[in-house]
Amino acid sequence: MIQMHKVTKAYPNGVTALDDVTVRIQKGSFIFLVGPSGAGKSTLTKLIFREEVPTRGQVLFNGKSVNRMRAREVPFLRRQIGVVFQDFRLLPHKTVFDNIAFAMKVVEASVKKIRYRVPEVLEMVGLATKVNVYPHQLSGGEQQRVCIARAIVNEPLLIIADEPTGNLDPDMAREIMTLMLEINRRGTTVVMATHAREIVDVMRRRVIALEGGRIVRDEEHGSYEQKRGPAR
Amino acid sequence: MKFRTLGYFFGEAFRSLGKNSWLSIASIATVAISLLILGSSVMMVLNSQYWVQTLASDLEIAVIMDVDTPAGQVKMVGDKLRNHNLVSEVTFVPKAEALTEMRQKMGDRGDYFRALGDQNPFPDLFRVKAKDPRDMAVLAGEFQGYQRVERVLYGQGVAENLLNLSYWVRIGGLVVMGLMGGAAVFLIATTIRLTVYARRQEVGIMKSVGATNWFIRWPFLLEGMFLGFFGSLVAVSLLFAAYAVACHYIQTALPFVAVRTDPAFLWQIFEVLAAAGVAIGAAGSMISLRKYLHV
Amino acid sequence: MKFRTLGYFFGEAFRSLGKNSWLSIASIATVAISLLILGSSVMMVLNSQYWVQTLASDLEIAVIMDVDTPAGQVKMVGDKLRNHNLVSEVTFVPKAEALTEMRQKMGDRGDYFRALGDQNPFPDLFRVKAKDPRDMAVLAGEFQGYQRVERVLYGQGVAENLLNLSYWVRIGGLVVMGLMGGAAVFLIATTIRLTVYARRQEVGIMKSVGATNWFIRWPFLLEGMFLGFFGSLVAVSLLFAAYAVACHYIQTALPFVAVRTDPAFLWQIFEVLAAAGVAIGAAGSMISLRKYLHV
Amino acid sequence: MIQMHKVTKAYPNGVTALDDVTVRIQKGSFIFLVGPSGAGKSTLTKLIFREEVPTRGQVLFNGKSVNRMRAREVPFLRRQIGVVFQDFRLLPHKTVFDNIAFAMKVVEASVKKIRYRVPEVLEMVGLATKVNVYPHQLSGGEQQRVCIARAIVNEPLLIIADEPTGNLDPDMAREIMTLMLEINRRGTTVVMATHAREIVDVMRRRVIALEGGRIVRDEEHGSYEQKRGPAR
């Protein structure tokens, strides 16, 4: 589904966030991106939905070049991808309902479908009671969950989640992970950048570890850190 | 694009108008001020042109007969003038009347004409109006050739001067209108640019969840157009109120100045300003959005 | 407040001016446009007042003697007029001159005076200028009482009309200036309000790390004042350029219209506009900040 | 140092975020605030530096009433408190250096001191190389560390850290915790809201657990969750 070939990303100020990264992500897989702060995890995900374009190399999504794509096509790429942004990116002047409904209006969903689907996803992330409040009236974890709800509402082909449990308590984090697994089971590809050691170690999925913009580890049933002896 | 999306666009535009109420008011006021300036200069130009036209059409050619022309020949010339197809009106001023008129014109000092006793040194003359004031020079030349015409006077250049003035008023007016129109677009573009700037983050978020440029643009565009339209309504109301007062004042104080008050004229002004308002709003929005859509 | 903090305030103000360069340019342009409008109306008002004054001071009282007054008595009246303490200037126009003048005034039709032969029906007269045109009515009444004065003329109400006009021009000018000044403050307050609105988040952050209201305010205030000042510079430059052109045109085309071109006058205009720009910028910033400081 | 007496906070939209909370925090102590997402942790901290005022009850800081304080005094209260905000709150138009220097300029520190101190704290949080970049050019974890640096730069009496390790990898989180402990050892009081179970359980400090706006647990040497049997 996603192919990156010798991708290098240097930001205009000279920081090389990704350095010669080649990776291939199968449709329907569940992938953890791990690595220290500043390793390039977010940058890697941003290349997929073309928030950034690579300095060198190729990014393909479903066989189509993302970096050579024309500007007009970009919105249609993004509609196939649900993103949980590390900084949430909620529209400050819209309620929780309207924030999620906006993602549906963009794809011209019917009013009926919006009325049915938005409460459903809010229920899934445990925010049924916060339908009509504005983002600044939510706690950090609640904002994060709104962002998760928005990412899944259109049932995209791919979900990119950047640190989706950073502001959640362990119980809530577990619930969100269960939700992600459920969505993945239905065929959606999931790419998740995370620092949550416990979660990664428990789930035993493919782990891609970045460090200084390079892939330092890529294991099919990996753990958060390099295995030293048996898994705990 | 589906119909419901259209509904969304209008809904968003109105919600934003309501939510940023003071911002909306500020924008409307800006549009209104700009259009008020624009509108008053349009009205001034149109009116001064109208006035010059009216003045010009009041201008006349004086055809002065030889002092001793017999009445028969005077009548012949009169008929010839009246039948000329470029002439709209001919008034005959006989000798006697000319003397009286002269005395009046001289005012107090006219008393000294008493010294003349019963002599009347004045000739018969015709006051001739042309259908089109611009033909006056040609007509004057032609009349000069008529029999027993001593001389032809037509304001000694006043007509040309007035027509010239009318030309310059029009040019000057266009320049002023152009400048004011430019200033208006600039002010509104600035205002809308700032509102978009204040919302650049939102635009970025919208793009990152897959909204197309036009999906983002339409609500802003409609908002700009509504702001422009409301602004033009305010401008037209104020302008017409001020105009009514000004007309009243002018008609009593300066009755010789012609002003236009026909509804067709006012309607035209309204149409022009409303269209200008909407166009300005739309242009302002488009200009402003360009920068922040490349997210 | 320590000196280094002052440095910080200026540094921030300039940095912000540079960083939001297009925003700064837009604000400067807004100030400039507003002040341009304000400035031109000030100049128009001052000039028309000046013109009316000049005109009024050119007005004169004609003191007409009886036709058959002996030269001695005419001279006596002349001395009396010249020594009057409200009179600034007296010109004597003897009979002969009056006839010539009259002939010239009559232009072509003056030929008919030839009928008068050698008779001179005109009297001796004096043209008298008052020191203050407003005294003319009083003076006229007084002169009427002098011996052998046939009648006194002073423009048959023209003087009063002009003085009246001058009064109305001043009132009208003040109204226009008030409106334009208000519009300018409003436009700039809007502009600065929008810049502050665009930065309301920043203001909130500053407050949450312990900045006092004045610590936040000063850079914005200075920024507004600089914007206002630069705007007034632009306005003054454009205004003076346009004024130079207009003066040149008026002095050649309408030589009888008086215009003010003395440096003191221009300097005064500059001072007024610069002060207005700075004040407007500061006022705009203060108004705009009020709302977002309650974080 | 901090006393809260029967504090209730209801937001204007009717949500009761804190309900009759009474708590006393000693000078020099190190306190964890735990609890599920939306429990009221952030709200409690916001009452201390008067970002919010309580609906009922009293909040005292160093014996002075915070909620009755006059608006003019608020900046001086805040200067005694360094806050790591859950949403970072960095000034977007200032570089990392200027963001931190701003907090020092507010207290009218000398240019010399600023030049010396800012690089020092950036070094402490591992961002010595990012002095002159803007916040949007930083990764999530880097932004969080800038916020931490800003909170400690003025050596405040109290540090309030709201989820300061949510975007950090475990190694970096451990370093930050070491830093906090070091600062605490020098006498600074630390109040930290967190979901990081591992950290809380390892440190064994006072834990105040909130749930639905009420204090459900307050233990001197607590753990992240209610003890069931011996600590693991």
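As written, the chains take the letters A, B, C and D, and residue 1 is the first residue of each chain.
The rule is short, and it goes like this: a residue touches a chain if its C-beta (ideal position, glycine included) is under 8 Å from a C-beta of that chain, and two chains touch if they have at least 3 such contacts.
If you're wondering where the values come from, they're calculated on a predicted model, not measured in any experiment.
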Just to be sure I understand the contacts, which chains border both subunit C and subunit B? none
Minimum number of chain-to-chain touching steps separating subunit A from subunit C: 2
With contacts counted as C-beta pairs, which pair of chains has the highest total? A-D
Between subunit B and subunit A, distance of the C-alpha-averaged centres to the nearest whole Å: 63
Where the CA atoms of subunit A average out and where those of subunit D average out, how many Å apart are those spots? 28
Rounded Å distance between subunit B and subunit D, as computed from the means of their C-alpha atoms: 68
Under the definition above, what is the set of subunit C residues touching subunit D in their complex? 1-2, 4-5, 8, 16, 19, 201-202, 204-213, 215
So in the complex, the part of subunit D that touches subunit A is made up of which residues? 11, 13, 15, 34-38, 41-43, 86-87, 133, 137-142, 145, 162-163, 166-173, 195, 197-198, 224
Write out the stretch or stretches of subunit A touching subunit B in their complex. 49, 51, 72, 75-79, 81, 83, 85, 89-93, 102-103, 105-108, 110-111, 150
